[in-house]
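Take a look at the structures listed below.
In the two complexes that follow, subunit A is the common piece, with subunit B as its partner first and subunit C second.
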Partner chain A sequence: MNIAVLIRQVPDLAEELEVADGGTELDREYLTWVVNEFDDHALEEALQLKDSTGGTVTVLGLGTDDIDEALFTALAKGADRAVKVGAVDGPVDSHGAAAAFAEALQNESFDLILTGVQAINDVDGQVGPLVAVRLGLPHVSVVTHIAPADDGTTVTVNQEYAGGVLAEFQVTLPAVLGVQAARAVPRYAPVSRVRQLMKTATLESAAVDVAAAGGLAILRMSPPEGSGHAEMIEGDADAVVERLAGILGDRGLLPG
Partner chain B sequence: MSQDIFALIECGAQGVAEGGFELLGKARELAEQTGGRAVALVVGEDVAGLAGELGAAALVVAVQGPALAHFTPPAYVSALKGVLEEHEPLLTLFPNSAVGMDTAAGLSAATGLPLAAYAVDIGITDGHPVITAQLYGGKMNVESKFAGGRGLVTVVAGSFPADAGREAGSPAVETVAYGGDEGAVRFQREIVPEAGDVDITKEQVLVSVGRGIGDEDDIEVAQELAEALGGAVSASRPVVDAGWLPKSRQVGKSGQKVKPKLYLALGISGAPEHLEGMRDAELIVAINQDAGAPIFGTAHYGVVGDLFDIVPELTERVKERAGA
Partner chain C sequence: MSRDRGLAKVDGVIEKEDVVIEGVDISGSWNRMLEPRVLSDYSTDTMDWITGLEGGESLRWCYQCAKCVPVCPVEHVGSYGPRKIVRKVQLGNNLLEDPDLWLCTSCAACLRVCPKAVDMTRIMPAVREQAVLEGAIPQELAAAFENLQRQGNPMGEAARKRPDWTKDAGVEVPIIGKLKRPVDVLWYVSDYTSYHPRGKDAARAMARVLTALEVDYAILGGEERSDGDSVRLAGETGLFEMLAEKNIKALGKYEFNQLVVMDPHAYNAFKNHYPALGGGGDYEVLHYTQYLARHLDRLAPLLETPVEINLTYHDPCYLGRHNGEYEAPRRLLEAIPGVTLTEMPHYKATGFCCGGGGGGMWLDGLVAEHTSERLSERRVREAVATGATTLAVCCPYEPSRFEDAVKSTDNDGNLDVADIIELIARSMRLEGEAAA
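Now for the complex of A and B:
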């Protein structure tokens, strides 16, 4: 089975996010970028499928500034090809990313196209279904447990609902799946291996235009207002424990 | 183009789902402002009979056919595309569930209508919908409007009161027959999770662990506090994905919705998907190293600090008191 994995970088939530002057986008100057965690799950699932049934894994990364390292990392994890899609020099929404991915995929032939179910900046929806409809392919999101049939023409997948309820679908290939979680925790690539590949491996590139295309006008971006914010308990561990025990005691939540 | 507000109403074996009433109540409120109708969209094999539950709608559009007996993304997109093109609603609301995400994004691509995702609020300003979405793991609110005026919205569960849309009645019903087949995605079966050793929806005290717990072995720290408090350990999604706790312990959008007397969130950042499952707890206490963690926007009490400094000592204190 030949699998494509679509990956994007998103701002690292471990760092503080600042809104740029104008108030409608993040200040990109200080942003640290990381691969969307669900895209990482999609890559892991693809590598697991390759391990169990053979085939190839091709990673397509949207061409943001630091995507090269993410693509070399994907190669170090076991991907066979890495393709940089376009060159991003401004904000890109999901529709724009999907259009770029779809164009890059047009002249390729894959059985399965995997991407993360969502990303933290999907203001205009999720890339998986947007890519699928553009390519005229079936799609399912919020997917776990991808199992290929022996004849390679279909997969069965689970889609997750509230309360842990699942639907099992049989999906005719080729198809686009939005991965919620891989069957295993995404693997790490040794840094030494990534560095080595940076010297020896070559990234392919797909020359496509990338621009926002979702038709949304952003009016304002701001941290949620402090209404209903928790009462913060200050002090060293002893003081915090004292106060917490008091709060729980007052509400009859302590035994004895 | 009409001024109508459509809402995709999810329904199951028990009839209209709670989230359906949340959307319908909001649709009615918005329709009053735009001068249009609130229209409930129901999709299934034979769903026109649900209209009696949908009295808050001025019109129920029942899209029906054998291929729609169960949700599958391509059939839903294909069935609803024609409905939206014929009625041209100002706004169509979808739940931010698996069903709503697949359908709304698919329809956006299929119809060219813009989509605003993860909405927690919707207003009408100068006749145009303005959508407030919660993005970046709950760390940023983004307000937007549709460049062309019309569009689709996916709404985070719990954003609007269900009671505002829960009304019996006999609205007009328009049925639309869908003759398509299931196509490339075929429903096989529903899988209901096996009950776990503990039913976290019935516990009065939950000590819940997130990514910040760091390591499987350290869940013991939470377990000891839960035992001392007579409760159980639950978790956010990454802990369950890592295989450290069973799925039956997961709180949130694709896990359980809980409402304990005490919810102690340890190392849980508070992404919207998690908050959806626990925001109705009577008392929420959060301990997190990130002062900017969104969980502090929902918790009643918060501590910025290392949970490993605080939790073992709190456990000792609880045990002392129990022994006293």
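Now for the complex of A and C:
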């Protein structure tokens, strides 16, 4: 089975994120980037499928800042090919990313296209569905446990619901899947191997134009605003009781 | 690494079919004897593989005298021991799937007594590197490695928050990149001292002491990265090199006379391993206890307030056994008025490892599964038994490790843990609000 995995970078939450002047994007001065955690799970699931059923894994990375390192890391984990999709400075929304990925996939042939179900900076979860629509392929989102049928024409996938309810879908290949979680914790890529590959391996590139936005307009970005505060009641028991009675009285909760 | 012969050598069985002694027939399988076997009965493939690794060479020198067994701290809390490792390898175990691979703390207690200089502190990292390359590493260790890759510290805190502790230092802590001039002392603060809530106490104390001594110093601030020594010992050579290159590049930008480090692991890395990677320069590397002991003539008059405690001192493996510094910390402790130093049975060259070295800091779960108790708990019991009420340390791994061990061994209230620099600050009345 030949699998494509679509990966993107997102801001590393270890940094304290700040909104840039203008109020519509993050301040990028101190921003560091990491691979979207869900995409990392999609890659792990693809590598697990390759380990169990054979085939190849091709990673397509949206061409933002440090994507080269992320692609070499994917190769170090066991991917066979790594393709840099376009070149773009700064964040790209799900519509822009999906359009670029779809164009890069246009002339490729894969049985399965996996991507993370969503990203922390883009929680609409639309990359998978939009890629599927553009390529005219079936799509299932929020999946786990991808299991290929023996004849290689379909896979079954699980979707988890609240209350322990599980749905199983059968999907005709080729298909696009939005991965919720891999069957194993994403594997560690040894730095020795990543650095070795940086010297010896070559990244392919797909020359596509990446539009930063395609469907969503950010009107305003701000840290969450506190809507209320807890009052810590200090003092001895009598003082606390008096304050509590006062609060309850103010709200009309004590009998007159 | 398969054995080419089974454990029992079938053609070496001696069994008589009929045995009649004094008229009694005692024939039976119980009279079977096995001929003694020799080492050449085993395949040497696995031993050859390990001794073929850079650093693994000395494993074959072992002649099974077992001097390492009683001194290995892990042997005290489990069934691991260097001699047993050799035996396992002789029997065809390449260690890659064996939890024993991760139990060695690289404390070098075995190397000290080994008549053949079998060096587990090189053998283990060499085999671990192979496990790292195969991806066969414990998940908790992989998590620490990933944090170190991304942010240059094992906790995964933002690299640029590294100097955040200075805000509560109570004194100005100069950052060399902003100072734009040479300094006498560049102070390498290290990971746990910069980020760990308990480690930061030592950082603040050090800043206050250096300021009171009017030392011309600065720190690297956000440019500093983990020294990587424990990463190297845990087998992630590539990550160690990456961290070292970043530190070497940062250090190379500035002029200073001495590099003073808080962490014995950093001391070991800067002094013994960075030069091979192009590090080092016209500066001297000193552990902070060595630096302060050298300036004891200026420090001693400032140690005015008695600290009336009976304490014992824990020798960090990487300051003591690995680098031979036993006296500087003791000279500082003895200079503090009021302090009585009582030694533990394991002290100086026989110092007992806390369990944090060689990657142990990031393998607590795995170690707990394969040992009866943490080495830090063993050590705390030993410290309490001396009658001391304070355990003095000078490695940033220790305060949190030993304080946890004090609680888990029900010794809360019996033993305080303090970095030597905190005790010095206390004697100089530079602790807490007094300094602010």
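The rule is simple: the second predicted complex is superposed on the first by the 221 of 256 C-alpha atoms of A that agree within 3 Å, B and C clash if a C-alpha of one lies under 4 Å from a C-alpha of the other, contacts with A are read in each partner's own complex, and residues count from 1 in each chain.
Everything that follows uses one rule, which is that a contact is a pair of C-beta atoms (placed from the backbone, for glycine too) under 8 Å apart; a residue touches a chain by one contact, two chains touch by 3 or more.
None of the values given here were measured: they were computed from a predicted structure.
Chemist: Where does A:R195 make contact in the superposed view: on subunit B (first), on subunit C (second), on both, or on neither?
Modeler: Second partner only.
Chemist: Could you say whether A:V185 touches subunit B, subunit C, both of them, or neither, answering first, second, both or neither?
Modeler: It touches subunit B and subunit C both.
Chemist: Is A:Q106 touching the first partner subunit B, the second partner subunit C, both, or neither of them?
Modeler: After superposition on chain A, A:Q106 lies in contact with neither partner.
Chemist: Touch check for A:D122: first (subunit B), second (subunit C), both, or neither?
Modeler: first
Chemist: Considering only the touch criterion stated at the top, classify A:T153 as touching first (subunit B), second (subunit C), both, or neither.
Modeler: neither
Chemist: For A:T32, decide between first (touching subunit B), second (touching subunit C), both and neither.
Modeler: After superposition on chain A, A:T32 lies in contact with subunit C alone.
Chemist: Per the contact definition in the header, classify A:D12: touching subunit B only (first), subunit C only (second), both, or neither.
Modeler: second
Chemist: One more residue to check, A:S222. First (subunit B), second (subunit C), both or neither?
Modeler: A:S222 sits against subunit B, while subunit C stays out of touch.
Chemist: Residues of subunit A touched: more by subunit B or subunit C?
Modeler: B
Chemist: Which partner does A:S52 contact after superposing on A: first (subunit B), second (subunit C), both, neither?
Modeler: Neither partner.
Chemist: Residue by residue on subunit A, keep only those touching subunit B in one complex and subunit C in the other, then list them.
Modeler: 14, 16, 185
Chemist: What part of subunit C is in contact with subunit A in the complex they form?
Modeler: These residues of subunit C touch subunit A: 129, 132-133, 135, 137, 139, 142, 145-146, 149-151, 156-161, 236-239, 241-242.
Chemist: For the complex, give me every residue of subunit A touching subunit C.
Modeler: Going through subunit A, the ones touching subunit C are 12, 14-16, 30, 32, 34, 77, 185, 187-188, 190-196.
Chemist: Which stretch or stretches of subunit A touch subunit B in the complex?
Modeler: Result: residues 11, 13-14, 16-17, 19, 26, 41, 94-95, 98, 117-118, 120-126, 128-130, 132-134, 137-142, 156, 158-172, 175, 178, 180-181, 185, 214-224, 226, 228-233, 237-238, 240-241, 244-245, 247-249, 251, 253-256 of subunit A touch subunit B.
Chemist: Which residues of subunit B touch subunit A in their complex?
Modeler: 70-74, 77, 97-99, 101-102, 104-106, 108-110, 112-118, 130, 133-148, 151, 154, 157, 183-193, 205, 228-230, 237, 241-243, 247-248, 250, 253-257, 261-262, 269, 283-286, 290, 292, 294, 296-305, 309-310, 313-314, 317-318, 321-324
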